[in-house]
């Protein structure tokens, strides 16, 4: 029930975004609309608790991600525009600590958006994330960075 | 700009015709889709390609002619329905008839 | 309608930056050796390219009072979510469908794992 | 005017018509069938009741309006001419009907025969009584139809069917030509009433007259239409006697006689009639002599005799006309008798082959006498009826010219010959049985065969009577003659006219004919053996097969069954048809150029569109084909953006996405493109047609854009009234749901039919082949995709609702929202297994479609119930707590209906495929 | 007098019915009962509607403003005598076809939307007859097209699918060109409303003539393809052969007539600027259509195929009337339409009975049916002879009136061709008769009772005979219609609300 | 005011980018390559729409851009699903022409 209410609030917010107007009136309408959508499609969201702590953690994660992104982004531009393509691509199995699908999705997305890496597949047992590297020269370092960076933040949210 | 669009319409019609005359049913369906795109563009031109604001009364005049837009919308929806049916038909032809080559669908005149 | 000089320049720069990323992605698409590598280029560069353009429009249209910019940010948010998922979907499908890595590749844990679990 | 006589008159037609409609119950049918004979008996009584009227030279007329604006009246008239014919029809009818009861005593189809005969009888009565030309044609064709049914009575026999068709086909030619004549008469004179035309002695043009002649010739089996008559002998013998000897074939003579007063001084008419008659007379005689089948002999003799009458009608002199009418009477009597004779002979012996017949005289003496007398009357021997008309015939031709006289004598000799062959071969010659044949019936004339002989006796008795009591014949003939000739005859019929040239010719005929009969063994066999190198029958058959072959050949030439060919025809027609007026247009019109200058990137996008189109043509990859199409669609939406059409852009993008999904779902099932290339010539042709079509369309639109045009009042009206009257700021949406909401009603109907159609396509028929590719092993749903899908479902739905609700004032609306919803749900289907989704979605797409359709239609009908036109909208403003003031328009209800239809349809189609 | 707003029911009634039928597509009795009831109801209503128009003579015209918007801004439905006659005709055939379908449609087909699709088809046809707006006409064309697509393919048998593909492709091409012509029309004339268009053309002097000629030819191409005139008819015989007999009857009877009607309407109301060119062209095409159609029929050996080719030939006669353009000829065209549609549908239904009785309609495979069922033979003969123009059946007067119109203005050649066509028609009807009803009793006899299949056929033949016996009634209707059509001012005034 | 000018330049640039991506879409060689290229085109079109909104000073087309973004994603996923059928190169070279 709480989950659904939370989803409904999110939907109301999204409504306000769409309306380009954040007001009580639009929140109410948005809530009703969201309710309608959930009424006809009672598909469950996810079974999470402690939303507000998680929301805070999520905001921290976003900032971390943007920072990482800006720092690392230069690399790919260099690689693409480099006159000589001296790269050795490969797919590496990354051992997952996360078990939650949504969070794994977020992790995979972040990895993809970070230069040089691309998530290819999650094993059905959630043990591995297979990552395509543009250059496998320093795989160990990369994996460590992901473990300590993105996945650590996500694990915090998962708890 | 009219002439540019008109030329594009011509090209689309040419390509559509070419595809419709091909052997493969899928190509025929795609050719028909090109036809309907071209026809929609023609309707767009029929309002005169004057640059103006979209016909939403919150923005300022001058507005473009709203009627062709409404007609195109109807046409798009209709041709979508038609294309959907034609596609499924082609798919069933392939399944049931065993061929999707148009000239193997010849006959039926004996 | 007139906009302040600074905004004008800022918007132009953001636009050009967006274009730069977009073109980079496209060049990557053309130059890189296999589909996986090409996806690296498009999934990132285009996303950032669009982000730049969107930022420009957000500033510009918001200044003109045409939009609060919330919806534009929705586009960026959405792209950041979908581009990687899309790349992932294509990559896994391509791999399964037998599109092999470029010969220069050295490590392939995925292949090993697939062979074990088949 | 329409008093008792009029009632009696039409009862002549109505009686048989009603009779033919009376069907006895099954178990009485056989026994009661002969009761049908009452009809001609009653008719005969009615006809005799007119005796005094016609003897006085008067007539009876009656008329009812039918379709006066078309000149149609149900008008009938009886004068001397029609009276004679009604007498023939009912008189011969009595004999034939009675005869048939015995002839087909044990045949279960007898009742049907009677009903057809009655139908014919009614038609024939109509022909001779009708006073309106169209009415005449009605009955004329009805005689053809009933004759068709009667000839084909034994429908299992191929020859019967062929004969029936031949008769119908050839007489139908006449009917149509007559229709042409009737149309011409109506166009010339504005009336269709024969009596009016005749009374005014209107000058009908010769060409029109010839139309009627053709009809008469076909009906009366004149050369070269005569070929149907021998083939018609497949009919049961009573039918042959009635239709093809005594009455129907005389309908043509009736028509010629009827029209004769109108063409009294028309040399073309006269020459045509005489010459056609002469050819028929001689040729029929020759053919008759050759025959070995009794009925065939009689049929050809009928052709010849009809020719004789036609000659006489053509000569148009007093004597000739009198002779013609007289011979009609005589011929009816003796030929009726002879046909029945043939029937009785066949009934008793089982054969009609004259070479196998013979020796019947001792067995059936009465029959022999009767048949012989009828034959002799046909041969023109005194003191029989045939002699009288033969004499007059000779007098008539002697007045005309020498060649005709010679031909007349020759033909009469032939008549003499075949008449003798007929009765001699049947009754007097020694019997010659082939081993297979049953011997001629040995039993004497018994009770059962009495009915088969009595009518013959009476008919040949009449033939004798007409000769012995010429005044009787004269009395019967005179009224008719007076009608044709306009005045009573100046002479009287008598057996003995004194020593006239005609008598000499008669004697010559007997001498020549008699010697030919005696010498017949010398040449008859040879003539019979000799097959004509080519005959009109062969010509008829060959032209039938020839035409059929020709039609098949031409059809095969263009009806290839290949849709590609058909498309080519269409396009060629279009290109050829339009290029000429386009050429004229550009020659004549001063072009007015008033256009928007393109931007460079617009040129680039246009170029890209062209590239995408060419990509579609060039690729051999199915996926690329589909994706390129998607590219074209996406570029379309960019164009819509460029030209200020946000609703269109949204719609186009969404439609493109759903189409793409649809294509990709079925793509596996298609074979690879281009596995069999087209021949270079075909390729060149295709390219040429493509270029031609593209150019044509471009030129067409170009012409529209640079040619003259009228200003439109419509856009200003929409722009100024959209908010004012319909309460919406998005004019496009207002047009869609209000100004032209009816279009949208239709559009969602098309859309919903797509889902019915697809469900039917997929749900019926065999499952068919597996897709060409096989699903890659070891694939499982991607958890990444699934969680993303979970995250976005409701967001997308809210977005869709947002677009739906704002549609009236901003880009969006039912269609766009509907497709977006469908896209959201399709996305769920792709991420999860379909079944899971179905569990969570408690209703079926079809139900959504139905609810949507009903909602849309119901919104529109609502206004009908309160007295406004369909789809009239109402707007109301309501305030709600928290929500503030909300505008509610009924158009919104309509739009929600659209939304539901689109959601349901898109989902339904995709699901139907996905589950297949 | 029928309330004008009810005329919309001819269009909306079927779609509501279709929706309900689709909702309960598995309920057998519901499907049949509702279909029969609604078709009968709409038929009765259409007759009442036509009668109420006829009461007012030449002024009898109902103009319905959809959404209460005036022309040319909103969409207008115009029920004049011509269009209502067509609606009555459509509903008559619909009743017969539904009655026939009750016993012939397979359960599986019924569950897969046979009846809903059929009612959508009716909606499209009626809408096309009634609309006064050219774009709306396009929409209704599409409605009837997609419904016919689905019905043609219903059953998904190989032959069906094959022919449906041809039908779909050709018709979609024509639809595209319809859109193109509408765009040219709107660009040059600034309106889509037919009355407005006619009005605009009347009030301008000749400067638009060459544009109009081009437009008329494009429209002729579009409508001609739907109507199956020369040289655009090639697609027709194949697809019309395939579906079940009930559908063939409706397709053969009504569908091509929508195209004819559109030509009739546009070439009498709008494109009259240069009849020496446009209508002369119509005449030439009419003659070729008449002859080639019947040539094709004579080359066939299957009853349904012969009938399919005949559709083409008869279209030629209709075009002849339109091309002649005199009031008499126009009345003749309408008079031609009615009996011919009745006869054609009846014949297709009879072919369905033959199929039901023997399992085939091929002349070689069937034979001697006359002895099997006298009533059936009688019905066939009446319908066939009417089609061939044998008096006093209705078809004769059709021919009589059209040809008389040709005669009056001295077009003897066309009259002659018309008569020749009639002769060949008769020949092909005799061919069917000889092949199916006479001859050796071949073909297996299925133990089916034929009587339940007859009511629909009897209804149609009843009208054929009735019109033949009382041609004056239909002729006066046709004259009223022609008078309305021949003088477009009445139509224009009624639609645009102008006073003379 | 340089934005209008820059926006034209950017639009031209995006058009170029699209053309180049179209080349990849045509060349392939594998279907995933084509899919990626077409996805790239779609994203470029999204960008183009936004630039056009700047250029025409209208916020109306942002929704179009948003929807296009959603749909290009959907298309990619659908194409990926298609690929799982196991065919990657279905443009077969033409077989030798048969006589006749």
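Lettered A, B, C, D, E and F in written order, each chain numbered from 1.
The rule we apply is simple: a residue touches a chain if its C-beta (ideal position, glycine included) is under 8 Å from a C-beta of that chain, and two chains touch if they have at least 3 such contacts.
Computed from a predicted structure; not experimentally measured.
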Labels of chains that are neighbours to subunit C and to subunit E: D
For subunit A and subunit B, chains touching each: D
Chain at maximum distance from subunit A, centres defined as averaged CA atoms: D
Chain nearest the global centroid, as defined over all protein CA atoms shown: E
Chain at maximum distance from subunit C, centres defined as averaged CA atoms: D
Gap in Å, rounded to a whole number, between the CA centres of subunit E and subunit A: 62
Rounded Å distance between subunit B and subunit D, as computed from the means of their C-alpha atoms: 40
Euclidean distance of C-alpha centroids - subunit A vs subunit F, Å: 25
Approximate Å spacing (C-alpha centroids) for the pair subunit C, subunit D: 70
Residues within subunit D bordering two or more other chains: 555, 559, 561, 563, 567, 622, 644, 646, 667, 673-674, 676, 697, 701, 704-705, 712, 714, 718, 739-740, 743, 746-747, 750, 753-754, 757, 761, 765-766, 776, 779, 782, 784-785, 788, 791, 799, 810-811
Subunit C, residues touching no fewer than two other chains: 25, 27, 39, 47, 67, 71, 74, 81-83, 85, 88-89, 91-92, 96-97, 117
Residue numbers of subunit A (touch at least two other chains): 18, 105, 108-109, 119, 121
Interchain pairs in contact, sorted by label: A-C, A-D, B-D, B-E, B-F, C-D, C-F, D-E, D-F
Residue ranges of subunit F touching subunit B (in the complex, touch as defined): 58, 60
Touching residues (chain side subunit F, partner subunit C) in the complex: 1-3, 6-7, 9-10, 13-14, 16-17, 20-21, 23-24, 30-33, 35-37, 39-40, 43-44, 46-47, 50-51, 53-54, 57-59, 62-63, 65-66, 69-70, 72-73, 76-77, 79-81, 83-88
Touch list for subunit B against partner subunit F, complex: 53-54, 56, 59
Subunit C to subunit F touching residues, read off their complex: 1-3, 8-9, 11-12, 15-16, 18-19, 22-23, 25-27, 29-30, 35, 38-39, 42, 46-47, 49-50, 53-54, 56-57, 60-61, 64, 66-67, 71-72, 74-75, 78-79, 82-83, 85-86, 89-94, 96-99
Residues on subunit B engaged by subunit E in the complex (per definition of touch): 20, 25, 28, 32, 35-36, 38-40, 42-43, 45-48, 67-68, 71, 74-75, 78, 81-82, 85-86, 89-90, 92-93, 96-98, 102, 105, 107-109
